[in-house]
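You will see subunit A twice below: alongside subunit B first, and alongside subunit C after that.
Our next item is the complex of A and B:
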């Protein structure tokens, strides 16, 4: 099912300067929202991106579709570096790279009718005559499960799930190759969420779409993804195929996320071992030295504050050519854990992988 | 006797378009030390039910009938003054959105102490602040003394929610109502808050009513579950029963659409359509239009809640035998999916 690499991101960073003063503006700090992230996505695949709020996943998404200009690094989309594109070239590129937004209320203009919203991309890219565009909008409405009578309505007349469908129709209008979905279902009720997830899966099968799928709900990500990547404070801490990551997480943060996820089965929930992380995510203005997770990590040692762990696999997975990688000096060896204490290191003098 | 018992609660809002009965004949009860989950889609009346019980709805725009007895008193008929003594003292509430429920211009210490001194006029300011500090420590806020002087915007979402919980618990309430307290939070923070509520239930044997649309949270925390749809209770049962022997087609739909529970299925089951308008609700079963098993009787006769031997009530016209076979089929799917893990 997977094809060529469609998107290759290398060393991408986005820093927001924090400034003081109105006339003599000077930089007093840097918010490192995304700090040196590399990954690739193959055609027809879905890369799931998980992490807590403030970990930089939305900033990363906005850089990929070039709603933000990255501070450094490259983004190769369909063989072309798009990180520095401007003007017409940028517009041409965007035709193939669309985005679905999180909030279906604020991402649709309340004063535009559904047909105007969906045909806006068609207008911008001179899709054809008015009649052709009209026909296309009707086709798109049907594709996303809305009816032709919705053509002239306003966004407020729709439910949350239907509004998200309008957003999806707008993203699909120009037959893009890839869609970046930024928390597309987190504002929806479970039954509606299921409808939208099914729709996204159908569209992917029909048009061979590639998704970069961002969500904080681990079950949703598991449902849709081919590969999964976990972010913490602007950096990727672990990535692998969906099953590798969910069946044998190696980074303590991934393990904590997985164990914190509510289990929709009361018997399993009672016996489950939970790793409770303490405190909150540190400020990205002043991230901890070396390993950024060490301040909340139950396995942290001296080494973690001195040497930054690199993203890499174990010798066995590298030899097998597998892509499961983690950035940790003391990865979790067994999963699931028998007791919450098992997350701590048995022998704290142990060093290295 | 149950600590809080709600019988045939009906809440009607008067709107420009007519009367909307947002809650229509809801009954349930909560024992001390028990967590009862109220589940349903947005707009099903779960929040309005609890607001009605706490008498937080405007009397000019809404009317509530029925009975809500707490400790032998009917909350709906006692005088306002008496209600003010109970509210925040005996029954308190954690609101959904900690961003808008805290006052942005007051320090959080002042806001917590207000809740305390309102009900205990004798307590000194100093003692009240000490108590607030203890409470912040109890909900897991680091350096609580300094935090008392923080403004809400200086705290993260999880911290703010803890402040809300501290405020709700400072008077040792007998009943705690939590209205989607973890919806706006990350999983790791959510796990911390759920652990906290679990601890409170065990240590103070408070009764907790937990309103949520997340069945995962229900499975983790609740003892009893009430499933609501379009202003009515469609099913209520102990938590294991709801997950292992679900009897109502709407509950099947909710469970079938959970992404984490149905890994082996190619597609998630989803309930088609959307809930009916409560301005003009259907005469028969309100779920009929979205139900795959609807019959002709469903159109005319509203189904009654029938309680069977195992404390499992369901409001549906379907043959109990058929429902049980469906529930068994459902359970075997769920089991098959979980085996390989």
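Our next item is the complex of A and C:
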């Protein structure tokens, strides 16, 4: 089902300068929110992007839709480098690249009615006469499972799931090729999450949409994604197809994330072992040298602070032609970790820090 | 659908929209009615406005012409014939006051609208565009904030000539800066909202964002500010007239005070010459302020908890 590469991001970085002084500004530091990220998405695919809070997921998404100016790197969308587009060309690009936000209430203007909200993109791009636009809004309402009588209501009259549906209808208004979903369901109840995810999947099947899907909920990402990418402190630490990554995570951080996932079955939960990471995520103002995860990694060794591990697969995965890659000198070999003994084995390469 | 069905559908939709508007208006007025001071101010203000509008029916403008009043007593104290006495030009004080209220209220309103228009324009531009636009506009604002208003107004009126229009312009020019500040601040917070960012992500031009998102969301602040600027403008008008640099065309409250001063009304004990005017000015200014505070509380839910 994978088609041509629709989005190719190379070495994308977004640094926020930290300045001091009102008149004579001087830069006292740089917050490296996203630091040299590269990836590709093929048409019709969903790339899931996971990572804990503050790892640069949302910054990456905003750079991709050009809500933030990337510091360096290139973003090739439909064969065109959009990282430096301006004016009319930027507007034309935006028609095809929409975004859905996390918080469905604050992303809807409280003083606008649903029809105004959904037809806003139509107004901006002069879609047609008022009657044509109205017909399109009704069509979109139906498409996302809202009713025509919702046409004239205000956002505060809706439930969370319905608001997110409004956000989706609005993103679909101009028939985009790709939608960046920034935590689209994390503000919703679990049952409503499922409905919205199903809606997104249906729309993808119907219109051949491509998604960049950001979430911190691993199960949500597993459900929607074709490929998954794990971020830590502004960088990608592991990526692969969904099943490769969930069935045999190789990077210790991915393994820790997966082991921390809540288990629905209480019996399984009792025997489940977790890899507990020590400490907090280091400050992106001053990330650790070489491997950024080494300060919290149970497997870290001397080498990790000297040589930056590159994203690459093992000889076997490369030979199999799999796209599974990780950035670690001492990847996890065995998964799942069933007993504490396994964890000790998995961490056995740890020779002291 | 047939033609008539479509028409019916549109009609019912319009009806629904109208009902909803009425309901939300009802909610706001209900909120307003819980504010006793605001209600009192509103009632007082409303009666002032009604009387000002009806003045020509009560007193003909001939009453103001001193050449037609030679048969009247000079500086007479209140009586059945002249409820508030007469002034040194033998005119009926009540007529003078009511005709003056027309000028004072309309000049106050017009000047406030003018001031808020400038303030909103500059505040929104400065808050929305930021950077050097904000820097330049903010410096201009500060200049108008720190400069002593009265001397500036006196100079401006002297230069531009003392017509009613120049008074309005001068008051507007000297009192927009404060509201520009407030509107700028509100614009800054609205600008950061997610829906503005999303609109930007859609490729919306600045004009669209300002008109569709920023303006409707700062409108409540603009309204509250307007009602709070009117009393300031009325006072300014009275001040300028009292100083003798107001409009020479029409009677106004400030001018009455000035005339009372010139006629040494206090020394002569003609309290009806200056007291009612003073009370009127104070009452109108106070009720405008009370209404303004109530409006501000209604449109700004954050103030309600206090």
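The criterion applied here is as follows: the second predicted complex is superposed on the first by the 338 of 353 C-alpha atoms of A that agree within 3 Å, B and C clash if a C-alpha of one lies under 4 Å from a C-alpha of the other, contacts with A are read in each partner's own complex, and residues count from 1 in each chain.
The rule is simple: a residue touches a chain if its C-beta (ideal position, glycine included) is under 8 Å from a C-beta of that chain, and two chains touch if they have at least 3 such contacts.
Since the model is a prediction, treat every value here as computed from it, not as a measurement.
Trainee: Evaluate whether subunit B and subunit C can sit on subunit A together after superposition, giving fit or clash.
Mentor: fit
Trainee: On the A-aligned overlay, A:31 touches which partner chain: subunit B = first, subunit C = second, or both, or neither?
Mentor: neither
Trainee: Contact-wise, after the overlay, does A:103 reach subunit B, subunit C, both or neither (first, second, both, neither)?
Mentor: second
Trainee: Now for A:280: first (subunit B), second (subunit C), both, or neither, which partner does it touch?
Mentor: In the superposition, A:280 touches subunit B alone.
Trainee: Check whether A:263 is in contact with subunit B, with subunit C, with both or with neither, and answer first, second, both or neither.
Mentor: The first partner, subunit B, only.
Trainee: Could you tell me if A:65 is touching subunit B, subunit C, both of them or neither one (first, second, both, neither)?
Mentor: second
Trainee: Given Cα centres, how many degrees, to the nearest 10, is the angle at subunit A formed with subunit B and subunit C?
Mentor: 80
Trainee: Who wins on subunit A residues touched, subunit B or subunit C?
Mentor: Of subunit B and subunit C, more residues of subunit A lie in contact with B.
Trainee: Thinking of the overlay built on chain A, is A:91 touched by subunit B (first), by subunit C (second), by both, or by neither?
Mentor: second
Trainee: Give one of first, second, both or neither to describe whether A:143 is in contact with subunit B, with subunit C, with both, or with none.
Mentor: Once the two structures are laid over each other on A, A:143 reaches no partner at all.
Trainee: Classify the contacts of A:112 with the two partner chains as first (subunit B alone), second (subunit C alone), both, or neither.
Mentor: Only subunit C; A:112 stays clear of subunit B.
Trainee: After the superposition, what is the least C-alpha distance between subunit B and subunit C in whole angstrom?
Mentor: The answer for the closest subunit B-subunit C C-alpha pair is 12 Å.
Trainee: What part of subunit A is shared between its subunit B contacts and its subunit C contacts?
Mentor: Residues common to the subunit A contacts of subunit C and of subunit B do not exist here, since the sets are disjoint.
Trainee: Okay, in this complex, where on subunit B does subunit A touch?
Mentor: 41-42, 142, 156-159, 186-192, 194-195, 213-217, 219-220, 239-240, 243, 253-261, 263, 267-271, 274, 334, 338, 341
Trainee: In the complex, go through subunit A and note every residue touching subunit B.
Mentor: Checking each residue of subunit A against subunit B gives 52-53, 159-161, 189-195, 197-198, 201, 216-220, 222-223, 247, 256-257, 259-269, 274, 276-277, 279-280.
Trainee: Touching residues of subunit A toward subunit C in the complex: what are they?
Mentor: 65-67, 90-91, 94-95, 98-99, 101, 103, 106-112, 116, 120-121, 123-125, 151-152
Trainee: Within the complex, which stretch of subunit C touches subunit A?
Mentor: 13, 16-17, 20, 193-195, 197-205, 208, 212-213, 216-217
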